[in-house]
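Once you scroll down, you'll see the structures, which are given as C-alpha cells.
Each of the next two complexes has chain A plus one other chain: chain B in the first, chain C in the second.
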Partner chain A sequence: MILAYLGAGALLAGLVLGGFSAMLSFFAGWRQTTVFIQVGRRAFYAATVMTVLAAAVLELALLTHDFSLVYVTEHTDLSTPLALVAAGFYGGQEGSLLYWTLILGVLGTASLVAAGSLGDRVLAYATGILATILSFFLFVLAVVASPFELLSLTPPDGLGLNPVLRDGGMLIHPPVVLAGFAAFAIPFAFACAALLAGRADAAWIRHTRRFALLAWSLQTAGLLLGMWWAYHVLGWGGYWGWDPVENVALMPWLATTAYLHSSQVQERRGRLRTWNLGLVILAFLLVVFGTFIVRSGVVPSVHTFAISAIGPWFLAFLFACLVFSVALVAIRSGTSSEGDGRAVPVASREGAFVLQNLLLIGVIAVVMWGTVLPLVSGMLGAERVVGAPYYERAAGPLFAALLALLAIGPLLPWRHAGRATVRALRWPAAGAAITLVVLLVLGVRSWSALIGLPLAAGAASTAISEFGRALLRRPQVLVRRRRRYGAYLAHMGLVVVVAGIAASHVWQQEKDVTLQPGGSAAVGGYTLTYAGAEQRDLGDHTEYVAAMRFGDQTLEPARATYAGLGGQALTHVAISTTPAADLYVVLAATNEDGSATFRIFVNPLVAWIWAGGAVIIVGVVLGNVGETSPMPELARRRSPVTLPA
Partner chain B sequence: MSAILRWSLPALVVAGCVGYLIYSASGASAEYYVTVSELRMHPTAGDVRVAGVVQDDVRKSDGGLRVTFTEKDGTASMPVDYAGTLPDIFKPGITVVVEGKLDGDGVFHAWTLLAKCPSRFSTQPYTQ
Partner chain C sequence: MAIIVATLLLFLAGPFVLWPLLRTPDEPLPPAAPGTFP
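Up next is the complex of A and B:
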C-alpha cells in the first residue's frame, strides 16, 4: 500500500520536474540564458531520478508480492518463478510504459551528459524536447494508465503471468526491444534541436550518430530476439508473421538503417543534411505511431496489449510530434539549397546511398500500407486485411534491389564511377553467376531462391573481396578504418541472414503424423520414433511430455497445463538445431487410444539467421567502438556548420 | 543541374515501382475481414477472414488435427471445418478468426485459425 503511494508520488514529482525542465529549457534556448540552460538540464536529471525511483518501487512491489496493487495482482502470482516475477515489470501495459520511460530518462541523461561540447543552444533545445517527451510519458503513467493503482481488497494471490510469457524469451526480448524504441527519442531530440538552433557541427553529427547507432543496435537485437522467441514458442515453425506489432518494430529500424548509410554522405561530402534530419525524425515518428497502433488495439494483431485508454493520448502525441517536426523541417530548410549547389551524382557511392534510402523508404511504405489497410478500408467501408503473401509480393522486389545495391554500392567510388569501377564489379558478378548456375544444376526452380540467393552471393563476394584486398595489401587498415570493415562484416552477417530466411522459406518441409508408441515417421531425411509419453509435475504447471527419438537424440515436445489459470494449455516445441537444418517437433494432440499426433517441420538454415544477426551486431559494434569518424569536409572547418546549408 | 532535378527521375521511378507493387500486391492478396452475419448477408466467393465465437459443438477428428465447430456472432452462425494445429487457448466460448472460403455446401473451410484473445500480455482483469 505504502509502495503504491510512494510510486505514484514519484511519478507526479517526475512529471512536475519534467514539465518545468521542458519550459525552462525552451525559454533558455530562445533567450540563450546560460543559468537557465543548466537549471533546465538538472531538472531533467531530477525527473529521471524520480522515474528511477518509481521503477524501483514497482519492482519492489512485484518482488514482495504486494497484491494490493492491481498491476502486481494481474501480472504475477506466488507460484511464478522469481525471475519472471521481476520480468512482470514490463509484462503488462502500464509497467512496460514505465520501463520505456525509465530507459528514455536514463539514455536522455546519458546523452546530455555526453554532449558537453555541443553548444548551449543545441543542448538547451535537446533538453527541452527530451523533457517534453519524458513528461508526456510520465503524464500517461501518472494520470491515464498508472501501474500504482490499488485494489480495495488485497487478494491472497495474484492471477499470474500469461503462460505464453513464462519463457526465457520474456527475460530478454521485451527489455531490449522497448529500450530500442525509447532510444530513438535521443537522435530525434538532437535533430530537432539542431533545426531549432539553426546550426550543428562535427561534434553534433558524431553525437547524433552515436545514439542513432545505439537505438539501431538495440532494435536489431530486439527484432532478432523476438524472431527467435516466436520461433521457439508459437509452434507454427515460423519466426516472422508480418503481424502489425512486428511491422511497427521493423519500420523505425528501416528508417534508421537508411540514416546510418546516408549520414556518411553528409560526413564525407557535406550533402543531404536536411534529408538525414528527416530520416531521424521519421524513425521517431514511426516509433510513436507504432506505439499507438500496438497499445490502442485499432488494428487486429495476435500480440495486442490490453486495450486501454492510452490510445487517444498517443494519437494526440503523434499528431503533435508530426506537426512540430514537419513545421520545423519546412521552416528551417525551405530557405536554402542543398550543399554547394552541385547535385549528388547518380553513379557514385553517394548515389548508391541515396538509391538505398529510396528503396528502404519504399519498403517502409509497403509495410505501412499493409499495417494500416484494415484501419483505412474499415473507415471507407468493408474492412480488408493482408497477410504474408502481400508483403512478399510487394516488398520482395525491393529487397532484391537492395541486395543488388549491397553487392554494387560498396565498390563505387565517391563522386564519380568510371571504367575501374566496372572492373571491380567482376567479383560480385562472378559470385552471383556461379551461385545461379549451381542452383539451376541442383534443380532449384523457385523464383525467390533463384533471384535472392545469387544476389546475396554477389553481396558476400563484394565484402569478401574488399577484406581480401585489405589483407593482401595493408592488413592494418582493418583496424585503422574499422568502421568501414565493421560495415562489411555487418553486410556479410546480413547475407547470412538472407540465406537463412530464403532457405527456410523455400525449402521448409512439414508433415502431420499420428503415432502409437514405438511407431516411426520419416520427414525430409530424418526418421523419428515415438518412444512414449509421461506426465511431469513442475510446481505451477504439469507437463505431458512425449519422447521422440532420432539417432541418439531424444526430443521432448510437450503440452503444459496451468491449473491455476483455469487449465490454460501451452505447447512446448522441441527443436534440434544443426547448421544445416532445424528439426522442429510440435505435440499437436494426444489421443484416447494412446497415440499422439505430431506436426513435424524441417526448417533449413534457420540457425544462420541467428548467427548472421549476431555477426551484424558484432560488426557494427566493433566498427564503431572508439571510432573517430572520417569527416574531412567538417574537420576542415573550424567554425560550426550552419544548418541546414 | 540542381540536385532536385537530377534525382527527381530515379525518385519517381522508385516511387512508381513501389506504388505499383503495393497496388498489385494488395489487389491480389487483400482479404475481407467480416463477422459471421456480414458474411451471411453478403456471401463472397473469394477468401475471407471471419471473426466469431466458438460454440459448444466442437468435434475433433484425425488425431486432433481436424476440427469442426459452429462459429456464431450476435445474430448468425455457420459451420466451420478446419484442418491444422489449434491455438492453445482454443475452446468453446473464445473468439476466433478463421481464414478460408464459404463453400456451396454452406460449410466454411478454413486453413488458418487464430485465437483472438483480448490480450496476450495479461490474464483476465481482476474483478472482485
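Up next is the complex of A and C:
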C-alpha cells in the first residue's frame, strides 16, 4: 500500500515537473532566456527521474506480489514464473503506458544532454515539445489509467497473466516494439523545434539520426519478433495476419524507413527539407494513431487491450499533434528555400529516394484504409472488413516496385546518372534474369514468385556487386564508408527476409489429419507417425502432449489448460526448423476414441525471415558505430541556413 | 496521500531543478560605509 502511494505520488510530481518544463521551455525559447532554458531542461530531467521512480515502484510491487494493487492482481498470480511476473510491468494497459513514458523520458533526456551544439532556442523548444508529450502520458497515468489504483480488500492471489502472454516472446517483443515507438518522439520533437526556432538546415537531422536509427532498428526488431512470436504461439501456421494492430505497427515503420532514406538527400544535397519534416511528423502521428487504435479498442483485433477510458484522451492528443504539426509546417516551412530551386532529377540517387518515399507512402495509404475501413464503414452504416487478399493485391505491386528500386537505386549517382550507371545495372539485370529462368524451368507459375523473387535476386546482386567492387579495389573503403556498406548489408538482410516471405507464402503446404497411435501421415515430403499422448502437470497449467515422430526426431505439439484461469486452453505448436523449411505441427483436438487431430504445415524458408532480420540489424549497427555524418567535410563547409525567427 | 508524497518529491527535486537560478549570485551588496557595522 505504501508502494502505491509512492508510485502515484511520483507520477503526480512528474506531471507537475513535466508541465512546468513544457511551459517554461516554450517561454524561455521565445524570450531566449538562458537561465530559464536550463531550468526547463532540468525540470524535464527531474520528471524523468519521477517516471523512473514510478516504474521501479510498479516493478517492485509486481515482484513482491503486492496484491493490494489492482494492476498486480489483474496481471500476475503466485504461480506465474518470476520472469513473466516482471514482464507483467508492460503486460497491461496502464503498465505499458508507464513503460512508454519511461522510454520517452530516458531517451528524451539522452537527446537533450547530447544536444548542446544545436543552440539554445532549438534546445528549449525541443525540451518544451518532449515535456508536453511526457506530460500527456503522465496525465493519463496519474488521472485516467493509474497503475497504482488500490483494491479495498487485498486478495490472497492474483488473476494471472493471459495464457497467450505466458511465453518467452513476452519478455522481448512488447518492450522492443514499444521502445521503438517511444523513441520516434525524439526526431519529431527536434524537427518541430528546428522549425519553431527558424533553423532550416540539417543540424537537427544529424543530431537525431542516432535516435531515428534506434527507433527504426527497434521497430524492425519489434515487428520481426512479433511475427516470430505469433508464428510460435498462435498456431495458425503464419506470422502476419494483417491484423489492425500489426498494421498500425507497420505504418510508422514504413514512414521511418522513408525518412531515413530521404533525410540523406537533405544531409548531402540540402534538399527535401519540408518533405523530411513532413515524414518525421507523419511517422510520429502514425505512432500516436497506433497507440490510440491499440488502446481504445475501436477496431476489433486479437491484440487490443480491454476497452478503457483512455481512448478519447488519445484521440484528442492525436488531433492536437496533427493540428500543431500541420500549422507549424504551413506557417514556418514556407519561408525556407528548397536547395537550388530546381526539381529533383528522376535518374539520380535523390530521384530514387523520392520515388521510394512515394511508394512507401502508397503502402501506408493502402494499409491505413484497410485498417480504418471497419471504423469508417461502421459509421456509414454497414461495417466492412478486408483481409489479406486486399492487402496483397493493393500493396503487392508497390512492394514489387520497391524491390526494383532496391536493385537500381544504390547504383545511381547523386545529381544525374550517366552511361557508367547503365553499365553497372548489368549485375542486377543478370541476377534477376537468371532467377526468372531458373524459376520457369522449375515449373513455377505463381505470379508473385515470378515477380518478387527475381526482383529480390536483382537487389541482392546489386549489394553483392558493390561489396565485390570494394573488396577488389580498396577493401579499406568498407570501414571508411561503413554507413554506405552497412546499408548494403541491411539491404541484403531485407532481400533474405523477402525471399523467406515469398517462399513461405507461395509454397506453404497444409494438411489436417486424424491419427490413431501408430498411424502415419505424409505432408510435403515429410512422413510423420503419431506415437501417442500423455498428460503433464506443469505448475500453473496442465499439458496434453502428443508425440509425433519423423526420422530420428520427435515433435511434441500440446494443448495447455489453465485451471486457475477458468480452464482457458492454449495450443503449443511444435516446430522443426531447417534452412530449407519448417515442419509445423498443431494438436488441433484429442478425440474420445484415442485418436488425435493434427494440422500440419510445411513452411519453406521461414527461418530466412528471422535470419534476414538479424542481418538488417547487424548492418544498421555496423554501419553507424562511431559514424557522425556521411560527409563531414561537406557538413562543415555548408553554413547553417537560418530563417527569420 | 499521493498528493502529500508528490509535494515531498517536488520539494526534494527543487534544488536540482532550480540550481541555475540558485547559483546565479544576486546583485552584490553595496560596500558598507566606513565606521559602520556591516
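The criterion applied here is as follows: the second predicted complex is superposed on the first by the 627 of 645 C-alpha atoms of A that agree within 3 Å, B and C clash if a C-alpha of one lies under 4 Å from a C-alpha of the other, contacts with A are read in each partner's own complex, and residues count from 1 in each chain.
Here is the rule we go by: a contact is a pair of C-beta atoms (placed from the backbone, for glycine too) under 8 Å apart; a residue touches a chain by one contact, two chains touch by 3 or more.
Model, not experiment: these values are computed from the prediction.
Engineer: As a test of reading the superposition: which chain, chain B or chain C, is in touch with more residues of chain A?
Structural biologist: B
Engineer: For A:49 in the superposed arrangement: first (chain B), second (chain C), both or neither?
Structural biologist: second
Engineer: Please work out whether A:33 is in contact with chain B alone, chain C alone, both, or neither, and reply first, second, both or neither.
Structural biologist: neither
Engineer: Can A:155 be said to touch chain B (first), chain C (second), both, or neither?
Structural biologist: Touch partner of A:155: chain B, not chain C.
Engineer: Going by the contact rule set out at the top, does A:12 touch chain B (first), chain C (second), both, or neither?
Structural biologist: After superposition on chain A, A:12 lies in contact with chain C alone.
Engineer: Would you tell me the residues on chain A in contact with chain B in one complex that are also in contact with chain C in the other?
Structural biologist: Residues common to the chain A contacts of chain C and of chain B do not exist here, since the sets are disjoint.
Engineer: Show which residues of chain A lie in contact with chain C when the two form their complex.
Structural biologist: For this pair, the touching residues of chain A are 5-6, 8-13, 16-17, 20, 35, 38-39, 42-43, 45-46, 49-50, 53, 148.
Engineer: Residue numbers of chain C touching chain A in their complex, please.
Structural biologist: 1-10, 13, 16-21, 24
Engineer: Quick one: which bits of chain B touch chain A in the complex? Just the residue numbers, please.
Structural biologist: By the definition above, chain B touches chain A via 1-7, 10-11, 14-15, 17-18, 21-22, 24-26, 28-34, 49, 60, 62-65, 85-86, 88-89, 97, 99, 114, 116, 118-126, 128.
Engineer: Looking at the complex, which residues from chain A come into contact with chain B?
Structural biologist: 70, 73-75, 91-93, 151-153, 155, 159-165, 235-236, 271, 300, 302-307, 337-339, 341-346, 354-355, 358-359, 362, 365-366, 369-370, 373-374, 377, 382-387, 389-391, 393-395, 397-398, 512, 514, 565, 568-571, 586, 588-591, 595-597, 599
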